[in-house]
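The structure under discussion appears below in the form of structure tokens.
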Amino acid sequence: MGLMRDIFMTELMGGMKLVFLQMFKPSCTLQYPHVKHNVPDGYRGLMSLLRYEDGSERCVGCSLCEAACPSNCIKVVSDEVPGQPLVRYAKEYYLDITRCVFCGFCTEACPVDALAMTKVYEASVYDRRELMFDKHKLYELGEAHLADGKAYLLAHNMDDGTLNPTEGLGDNRYEFPPVDLGEGVPVPTTVGLTREALEAEVAKS
Amino acid sequence: MMQVLFYYMAAVTVVSSVLTVTLKQPVYNVLALLTMFFHVAGLYVLLNAEFLAVVQIIVYAGAILVLYLFVLMLLNLRSDARHMHRQWPFAVLILGSVAAMLVGAFAGGGFGGEIGQYSTAYIDSLGGDTQAIGLTLYTDYLLPFEVASLVLLVAMVGAIVLTKKGLVDDQVED
Amino acid sequence: MELAMTVGLAVFQIAIVMGVVLLSVAYMTYAERKVLSFMQDRLGPMEVGPYGLLQPIADGLKLFFKEDIIPSSANKLIFAIAPIICLVPALIGFAVMPYNETYAAFGGEAGVISDLNVGLLYILAFASVGTYGVILAGWSSNSKYAMLGGLRCGAQIISYELALGLSIVGVLLLSGSLSLREITMAQDGGFWHWNILLQPVAFVTYVISAVAETNRLPFDMPEAESELVAGFFTEYTGMRFAFFFLAEYANMILVCCLASVLFLGGYEAPMEFLNFIPGFIWLAIKTWALLFFFIWIRGTFPRVRFDQLMKFGWKVLIPITLANILFTALGVYIYNN
Amino acid sequence: MIELSNYVILSAIIFFIGVLGVVTRRSIIVILLSIELMLNAVNINFVAFSHYLQSITGQVFVFFTLTVAAAEVAVGLALIVAIYRNRKTVNVEELDIMKW
Amino acid sequence: MNTATQVDTITVTINGETIEVPKGTRIIQAAQQLGVEIPTFCYHPRMLPNAACRICTVEVVKPMNKMFMACSTEMMDGMEVLTDSPRTLDDRRTNMDLLLTQHPLDCPVCDKGGECKLQDYSVKYGSSENPFETKRKDFPEDIRSTLLDFNSNRCILCGACIQVCTDIQKVDAIGFSKRGFITVVGAPMGEALDCEFCGQCMDVCPVGAITSRYSKYKFRPWQEASHQTTCTYCSCGCQYDLRSVDGEVSRVVPIEGVGPGEGSLCVKGHFGFHFMEDEERLTKPLVRRGDKLVEATWDEALTEAARGLMAAKTSGGGSALAGYVGGRLANEDIYLFSRLMRGVLESTNLDSTLRMGGINGVTAAYAATGQVGMMNSFDELRAADVTLLVGSDLTEEAPICGLAVKDTITRGEKPVLTVDSMRTEIMRLGSQRLVITPGSEVAVIKGLVKAVVDEGLIDEQVATRYPEAVAAIRDQLSGTYKEIETPTGLAKADIIEMAKAFAAGDKGVILAGPRVTGGLKGHSAFAMLIDLAFLTGNLSGNGGGVNALTVENNELGLALMGMAPELLPGGAPWSDSDARQQVADAWQCELPDFAGLPLVDQLEAMREGKIKAAYVLGTDPINALPSDMKAAASFGALDFLVVQELFLSETAKCANVVFPAQSYAEREGTFTNMEGRTQAIVKAMKAPGKARADWQIIMELSRELGGPLSYTSAEEIREDMAQLVPQFATLDETNADRAGGRQAALESYLDGAYVADMDYRYDLPAKLNEASSHEMHLYVGDSLFHSGVLSTHNWGLMKIDSVDTLVMNSREARKLKIREGDKVRLTSDQGSAVVPVKMDTRVQPGSLFFPKHALNRDVTNLAGTTISSATEGSAPLYKFVRVTLESVD
């Protein structure tokens, strides 16, 4: 039997038959640029910086994200808010997306939930310098993809069921003076969003 | 037409031969020899020996020279600054004798001899060059043919024995 | 005048044949990508032109306009000529390929550029010259990957050329000629005259050797991307890279064409009543069927190891072909007497 | 018209070049290549004589020469590889182990 | 301390390991010796234990089974201690939890985050959930101070800051206010903090309760690169850790137990780190083209400079060239400059800022002891039995040396005697004080010597061993106390009392400030102090001695490199032909044969056209000297002037070529502090633009001039220097360690040169009794917050003290109806100036103080400069001026 199998190469033929028949099955290709992937909540796409609902910057420039970053792609230059002594903020915030490994450690390190990852996965540009994100660009991303960011935070920071809702992102998790950059923007009494507010936001979007 | 072709072939043959001997980079030597083989094959075609021409390319160019290239690359030889001997008097001696023979031959009335039966027309009637050679080879020269195949076999075995590691003790490492 | 006529005719024929061959090469790449895609539940090129039909042209243009980089430590002369050495033998073989019974348009006799009486040997001779391009490309790149690729390629081609040549000998014994046109004509009169029926073993060994000869999967050791990056043309870019690409596909078409001529009756129709279809179409159909087979096995089999490859060539294929020759010779002797 | 003598002289020249190579070069590889040159010179003569004297024997002998050349190359290159493995050189001047 | 053999040792066991320690060792010290870490917030090795934080609790098993505070418990023989037993950890956890009940969780925005002891210990010893429920503190942060912010929410009330302020710095600027849960740390009465700003409270704070305004939010500890280097401001030479983030200096951190300060820093060292990054720094060489200085390449500038200097040399020989060096430069630079001037350019007209008075301390000390610099190290200062401080506001001029003196008061409770015209801080703290008429230091010194001789306070050993010398001094002091009482305004009895107090001490240390060496008859005054020490037996290497306090950072380096016409490298006088030959041999060149001119004569020679070219490094004579010395005119009269500076100074503006130099933080090298300790500086940041290290510039210039100097590193130069001045061979070694060679030099001195100028030495100058129509004494001197060009380019220091105020006695001001900030007009014989006024009790009635580095030059220019005689160091005396003060409305 074995000899005959070798001579007539039945096994090889079997394999070839399988491949041949496969030709007639429908393809499962997604025509990517025309059809986009539907990524789940909590997808780790491009980084973004978030603002409070009143428009003030969440980031307090604590550099913990920089310390947590395994690929050293974050650079925070912190300072006092001009005219507001003792209020700390990130004067400059640089994120080199070309070096980012999208691990999300920075968002976990962030004590004020200022960092969130969006669902944006199309990061290619014609000029590589554009991938050196600065603070402005990151906040822009955060505004453009606010829903992504909130969904991300919900998925990664809160949704394990064990967190007490009143702690969490709630009332006094971190007692920071919020950064007030806008003119006449009232200083919010509570920092951070409540869980309910976040869930409502996510449900809306 | 034929003359032009001949002189072209001859000239390239000579030049590439000279290059074969004189170039320093071994790979260039091989390439020059390759050129020379092709033009010798051309000469064969001029002499109505198409079969031999093709065989020349298959055997020399396709097998022998590739083997040379192989060895060159295995050994990774680089060009050597001191690549020439000072033994040219020997060469002159040999040239002298060959030239003397040639002169003798010319003096003796040029080259020639008994004209055989294998005229172009006769070869065509046999069905071509290939058939003619085949017929002769497998009838008149059967024994030499078998001897030649034996030689090849011996050479093959010899080559394998020489190069295969472990068959011969490689103790002479320095 | 007559000379001019002959030369002109030859040039015209060459132009036609080369055009067809190069176009086939281009669309061979397309066909390969498409067929492989289908076999892998994908779609393949879809963007350039309808169903990606213009993809080969786009690729060609892209390669043409890419920068031609010569590595600084490469041997510049040889690096430059190696792709040409590789491509020319692959194209030159089509000179003796009979594509039609007659060449009616200009009153020519045979549908072949040059009906050489040692045509088969001619193809083999030039196929062996192609090895130089590969070896020299590998050597002149002055890169380890390229060097190893070149050496592997050389060894593989030399080894399988033997098996290829020997598997053809059976056909030669049957047809008694080295002229491809005569071999084709010997298979005239329906598919039951085709050599494949008399020489099935030779056909199989021929196809296997041909796959190895053209460095195709599963025998693409010289350019195995997972271990040698791209083998001997690792360092090549732009047009020179395209030359290697062209040579590979031209070689494939050449061996498939040769296989159809030697084993499948060339331009002959399988049945008498199908004679109204021109011969070159039959040749094309047979060749493309074989090319499809090439793609098919590429889609099916994994790459073999190099030592397995050499072992298979020397210890399996060559003995089989030798045995085939022996039996064929005996058969022919018995049949003739 | 091309005379037989043209071929003979051509063959002599190539033969001489081959001799020159064998005698003057130091690399064994090139020496072997020069030997190939000489063999080819001989082959040209064989074929030329075969053509002009209308005898097929010349061409048959080219066959034997080819055989010899192939055998020579196989053994010769095997020797070179073996020598190189042991002595890390292919320079004939340095292969002086037999010099006394 | 050095009598360890007498101290009983006890055997104790910590965590099963047995160790022998001296009696009186506390548990935490013994544990440190064993390498066992005991957590503590309030314990500090230089302070007495406070035992406030209660985190260092350990379990003592034997002799009694009880919990103890490791920081405050002295060990008993056979004591067995467990530092991490379950009971200990349990106690610590409770203490941690209690500390954390009120502590805010704002670590991400806290500057201490990352190096916070509370963070570390709460991870190590705390529990994950706090069992206590309490309200977090909610105090407003105190940011009213210029420099230090107090965040009482973060404070754990360990009291270390208050203790350091009280015990080490002795300024009592901060304390606890209120009680119970609302206890806060801050300035008394809830006022804004306005102190010396030494910043030590911030350094010892284990949490982020006290933070620096200048570094606020600028760094994270883990981002910082650390460089141990030497402070460039005063002559104390403190070691500190210069921290930088991405090449920008973020802060200065003291290193505990290292260097002269042992971990203490003053305001300049601690917060004066901004001048390196000042925008006015020179970045490219400048070359004069017509009226303007234009930027040039190094090649152009060097060629131009070499051409100018060479032209002067060919036309007038070496004496047509002059060089002037400041004490900012490192030893290597000074050495190369010395070789360039003396060896290559064959000029001896090279002088330095030593000329302002420091030279007197150098020559007098060298003559007596054969050594240069202080005789005592700071350690010996701390261990002194009695300290006599003459003519120095020590805590302002050399704050860290001042700390050493304060230490004798605090820890040793030893008498500190002060003689000065101002009520300095040390004077306030010290035991006896003599407040004298400004400028009369020399008289009071004579008085002290006279009191020692007259009252029979001479050391017995000295009297028996050197009777001739003692007799010679006695001969000079036959006069009455009247000549001393009149100019100084002191009573005879006070002088005698102080002399008695000084003679009573076993180890007596004399510190002479710039008002002695740079005052009237500075050389003689200092020599008389040496006599005083000699008579009281303090020159015998017993730990006492006479110390001239230097002002500039590397002033001692200048002296050791012989940067004055009358000096040679090593401190030997130029007249010593053997020493000169030695130098010539080492440099393999011929030294010029003529003695050079001191600065004042140089300036005159420039105006006369005898000196045609000059090379000025690291100092700004035009700005520093009063206008009646005509420095601007002198340098203006030069054919060619090369200036090498960090900033475009007034002198640089007159120059033909200006070389941009590198600051101490941008290069390698060494500084020698006043104790003779040679300490390294390291490259901590990138130099701005194309600035080069001074030694490199001098070397390149020498190459252009065809000189032989060729070095690849500062280290290499130092090796070369050590051949000539052996004390450069070892780093971090004080003069006190070299006391061995001193005795022989003293003996030979007492044999010969000592008696020769005795008559002159004890002659009091007539100028002391000179009457003047101006009733106020103005003193121009150093201030704590500034030390010259560098500090005035520090925005940080400028913010604390903008330097341009006249200081006057508050009581007197009130009498004259002058309020703080009012402008007054000062009139002297030379002219008048208008300045704002600041009140301080430091200044005596009838005296005024003005900082010498003030940008307002009018006040400095009030002085009518007197040049002291060549014996007295040819020093220009312009710091004491008689002025009339009137209020401007």
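Residue numbering begins at 1 within each chain, and the chains themselves are lettered A, B, C, D and E in the order written.
Assume a contact is a pair of C-beta atoms (placed from the backbone, for glycine too) under 8 Å apart; a residue touches a chain by one contact, two chains touch by 3 or more.
Keep in mind it's a predicted model, so treat the numbers as computed, not measured.
Undergrad: What's the overlap between the neighbours of chain B and those of chain E?
TA: none
Undergrad: For chain A and chain D, what is the smallest step count along a path of chains that touch one another?
TA: Each step joins two touching chains, and the minimum needed here is 3.
Undergrad: Can you identify the chain nearest the overall CA centroid, using each chain's own CA centroid?
TA: Most central by this criterion: A.
Undergrad: Across the interfaces B-D and A-C, which one involves more C-beta pairs in contact?
TA: B-D
Undergrad: If you average the CA atoms of chain B and of chain D, how far apart do the two points sit, in angstrom?
TA: About 6 Å separates the centre of chain B from that of chain D.
Undergrad: Report the inter-centroid distance (CA atoms only) between chain C and chain E in whole Å.
TA: Distance between chain centres: 90 Å.
Undergrad: Whole-Å distance, chain A centre to chain C centre, using C-alpha means?
TA: Between these chains, centre-to-centre, one finds 52 Å.
Undergrad: Per the centroid of Cα atoms for each chain, what is the distance between chain A and chain E, given in Å?
TA: 54
Undergrad: Mark out which residues of chain B touch at least two other chains, giving numbers and ranges.
TA: 51, 55, 63, 70, 74, 129
Undergrad: When you check every pair of chains, which ones turn out to touch?
TA: Every pair of chains in contact is listed here: A-C, A-E, B-C, B-D.
Undergrad: Within the complex, which stretch of chain D touches chain B?
TA: Chain D residues touching chain B: 1-2, 4-10, 12-21, 23-27, 29-30, 32-34, 36-37, 40, 43-44, 47-57, 59-60, 62-64, 66-75, 77-82, 84-88, 90-91, 93.
Undergrad: Would you pull the chain C residues touching chain B in the complex into a rising list?
TA: Residues in contact with chain B: 75, 78, 116-118, 121-122, 124-126, 128-129, 131-132, 135-136, 138-139, 147, 150-151, 154-155, 158, 161, 178.
Undergrad: Okay, in this complex, where on chain B does chain D touch?
TA: Contact set of chain B toward chain D: 2-3, 6, 10, 13-14, 17-18, 20-21, 26, 29-30, 33, 36-37, 40, 43-44, 46-49, 51-52, 55-56, 59-60, 63-64, 67-68, 70-72, 74-75, 77, 80, 82-88, 90-91, 94-95, 98-99, 102, 105-106, 110-119, 122-123, 129, 132-133, 136-137, 140-141, 144-145, 148-149, 151-152, 154-156, 158-163, 168, 170, 172-174.
Undergrad: What does chain A use to touch chain C in their complex?
TA: 12, 15-16, 18-20, 22-29, 31
Undergrad: Within their complex, state which residues of chain C touch chain A.
TA: Residue list for chain C touching chain A: 35, 37-43, 46, 296-297, 299-301.
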